[in-house]
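If you scroll down you'll find the structure; I have some questions about it.
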Amino acid sequence: MIDNGLLVQMLIGALLGVSVYLPLAAGQLSLATPAFYAVGGTLAALLSTSWPALGAGPDGSLPLASFLLVLLLGGLLAGSLALLVGRLVLRLQGIYLAIATIALVEIVRVAILNLPFTGGAIGIFGIPQPFPTAAGYLLPALGLLALAGWVCQRLEVMPLGRAMAAVRNDELAAGCMGIDTTRVKLTAFVLSAVLAGSTGALAAHFLNTWNARQGSFDTAVTMLAFVILGGARSWLGPVVGGLLLTALPELLRPVGDGRLVLFALVILLGPVLFPQGLMTPALLERLGRLGERADQGEPQP
Amino acid sequence: MIEALLQTLLNGAATGGVYALVALGYTLVFSVLGVINFALGALFSLGGYLTYLLMGGAISANGALPGWGLPLPLALPFPLALVLAALLTGLASLVVERVAFSPLRRRNAEPLLYLITSLGAGLALVNLLQMLMGAEGYAFPAGALAGLPAAVVVGGARIRSVQVLLLAVCAAAVLALTLWLEHSRSGRALRAVAEDATTARLLGINSDAMLRLAFLVSGGLAGLGGGLIGVSISLPGPYVGIGYGLKGLAVLVLGGLGSVPGAIAGGLLMGLAEALVPGEASGWRDALAFAILFAVLLLRPNGLLGRRLVEKV
Amino acid sequence: MTIPTTAPTPATSAPLLEVRDLTCRFGGLVALDRVSFAVQPGEIFGLIGPNGAGKTTLFNLIYGLTPSSGGAVLWRGATITGLPPFRRNRLGLARTFQNLRLFDGLSVLDNLLVALRRQPGESLLGGLLASASHRRAERQRLDRAGQLLEELGLAALAERPAGTLAYGDRRRLEIARALTTRPSLLLLDEPAAGMNPAEKDDLCGLIGQLRSRHQLTVMVIEHHVPLLMRLCDRMAVLDFGQRIALGTPEQVRHDPRVIEAYLGGAPP
């Protein structure tokens, strides 16, 4: 059933959902998250297995500080890549942008598969562990998710967040109102990449091995499904979508071989049955009001 | 030397032909509906497996019913099996339309949602195939291309005839498609709907029927591609179509969304470029298509032959 | 009704906006053909002409939304050709659109807040940490937005999604949004479209008031010529991409080329 290992995987799913959500919140359909996830994970795997300064022990352990450093570096590398590529890619519109980002995912995947130091098809294994059990990863994963959520929440009352919403609504009009739309889109893209990269670094340690298959096209669209099925109106949507859809294949194990078909059917029917996703604007409003009442100390209904 | 080069070019053109088929499949639906059918790759795989079964092939030990084959009075020769498989795949494509596209169209859903539902449909199909046929590779029955010499001699060089066959079939299919679109009543009606659905409807054209026709032909093209790859190489697994589907997508965008000549030119370009990658770097071959696409999009944001979308202010 | 005006500044002062031999070609079609005129600070400048004369294209060129094929646009004497629209806005231009381009998914208030960008003293990190400077800047933004909503009679609708507003309110919201950026020049593209005579009258009065209260220069495209006749200090008339007249409403009204362009219909 739902053990600690699955919980961590669910949190990773939620993190990747938020990563896909960020460019979408600025009106950009970017499917590049798996590429940055792969980059972050690969860097983490390489550093932890081959950089002595991190102090990986012979028993396969890793100091906590080194782990956190690697998380940061994974995010930074992914962010730098996004900065490089973003300016070029974000000139594209609509479906062209989506496909260009899919192309990026494939290029990164093949590069990781073929570069001499990234482990080839087998990948890198025996990645040192900062925690003895899966449960240890819960806190960092939750922490990362809380950080991401806090940033998303703050964005709503910041000029940058409003600019992102304006660009999403009408990019041309937003430009005419003095918004540097290229910069706004790029910022969302880079934030998304940093989150994906750090998540990749976390996942690489959690999974103990890492290979090129971690970032691929169908995972990109599955992550998009987290956002769409969870609800694209707020960052809570992809969190809910990510948690549920990551848990689903595991929960369906008793069904046997047909579970992947069932999972695919959920993705197929989701948009039909829940056009606004699970976190609908109406629901978000109710949650908002509940929060306000809690602040004011009124009794809950 | 010349022989090797000719063979390479031929291989590239043949593969490019298959990419073009897939790209054309996307183009047909995109031109009418304005969205990409992400289930096309799965239909490609389906076509491959159907061709195999129709030729008397049996399910392998890993599948649901090991050793089982279609209860055919006799195994069909390859050409017949291929055509029939393509037709059946076209029908499957209609099912995909009914299940993944119709419900959204009725609610005027935004294009993004079709991406999800069509991927869901595609994944469901691929996993169904995996359940049924198993995840192992399938080689087509020996003697599948009986009667075809192993190699032909062109200009003094011997080249594998199966590649010639591949190229010939792709070329024939593309030609048939173009003729149909240009000169037949239904083809022109389809193009009318693609151009301007409202006017077409006012002229009495049933745009829903045209959409279904687009899905039918599109599925048929993908299925054809799957059967061709199956017989010329093999079917490494149900996910083979996903790879070709992605490449086809790259070709689609490279040539310019909605452009038929663009899809053909793009396909050939991709196929030849990939074939010219030297053997030592063959692992990078898969990235080449996407690197080319990336580069082209940066220079021409609407593809090689795509139309610029001018926003009205 | 009398329209409150500031005294028009003499034509010898430096123009705020100038177009010189501005040309725009789309393939073989010439949308604008060497159009020249200057707009003086503080005046209300009208732009009229039959359908397809090139009026909106001219706005698009002035604002940098469409590239020009020749000629120049000058702002306070300096060329701004090549600057993207957002830079032109930051220099002091603002516009509304013929077909209304509001941020429908955002509230009325947010439509205005969007145009109030990050202040020089504000940082991203400050925003994330809800620092004092961020909170101060937010208060200032809310104050300014609130003022404009009051002024344009939209205060009661502040929380409503812009997409749900009545047509007249949407038009006023677009004007409010354009004013948020404290422009020197306001370009209004058919602001009276779809309005009845009483509403057009109110709009006339509003534009005049806004001109004096916000020290604006205004350029207006309108189909309803009598409205512009009452409102404008000067006008330019376009036909088939060419400027066929320039002057005060009285001068333009009696220009034979203008009368002919309107096909001998009732003189404007």
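Read from first to last, the chains carry the letters A, B and C; within each, the first residue is number 1.
The working rule: a residue touches a chain if its C-beta (ideal position, glycine included) is under 8 Å from a C-beta of that chain, and two chains touch if they have at least 3 such contacts.
Since this is a predicted model, take the numbers as computed values, not measurements.
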item: Chain ID, smallest distance between chain and overall C-alpha centroids; value: A
item: Farthest chain (mean CA position) relative to subunit A; value: C
item: Between subunit C and subunit B, distance of the C-alpha-averaged centres to the nearest whole Å; value: 51
item: Distance between chain centroids, defined by C-alpha means - subunit A, subunit B (Å); value: 31
item: For subunit A paired with subunit C, centre-to-centre distance based on mean C-alpha positions, whole Å; value: 42
item: Per-residue multi-chain contacts in subunit A, two or more chains; value: 172
item: Sequence positions of subunit C contacting 2 or more other chains; value: 65, 97
item: Per-residue multi-chain contacts in subunit B, two or more chains; value: 313
item: Residues of subunit C defined as touching subunit A within the complex; value: 63, 65, 84-86, 89-90, 94-95, 97, 101-106, 110, 113-118, 122, 124, 127-128, 130, 134, 138, 177-178, 180-181
item: Subunit B residues within the subunit C interface of the complex; value: 312-313
item: Complex contacts: residues of subunit A adjacent to subunit B; value: 29, 88, 91-93, 95-96, 98-100, 102-104, 106-107, 109-111, 113-114, 172, 217-218, 221-222, 224-225, 228-229, 257-258, 260-261, 263-272, 275
item: Residues on subunit A engaged by subunit C in the complex (per definition of touch); value: 150-151, 154, 157-160, 162-163, 165-166, 168-170, 172-181
item: List of subunit C residues in touch with subunit B within their complex; value: 56, 60, 65-66, 97-99
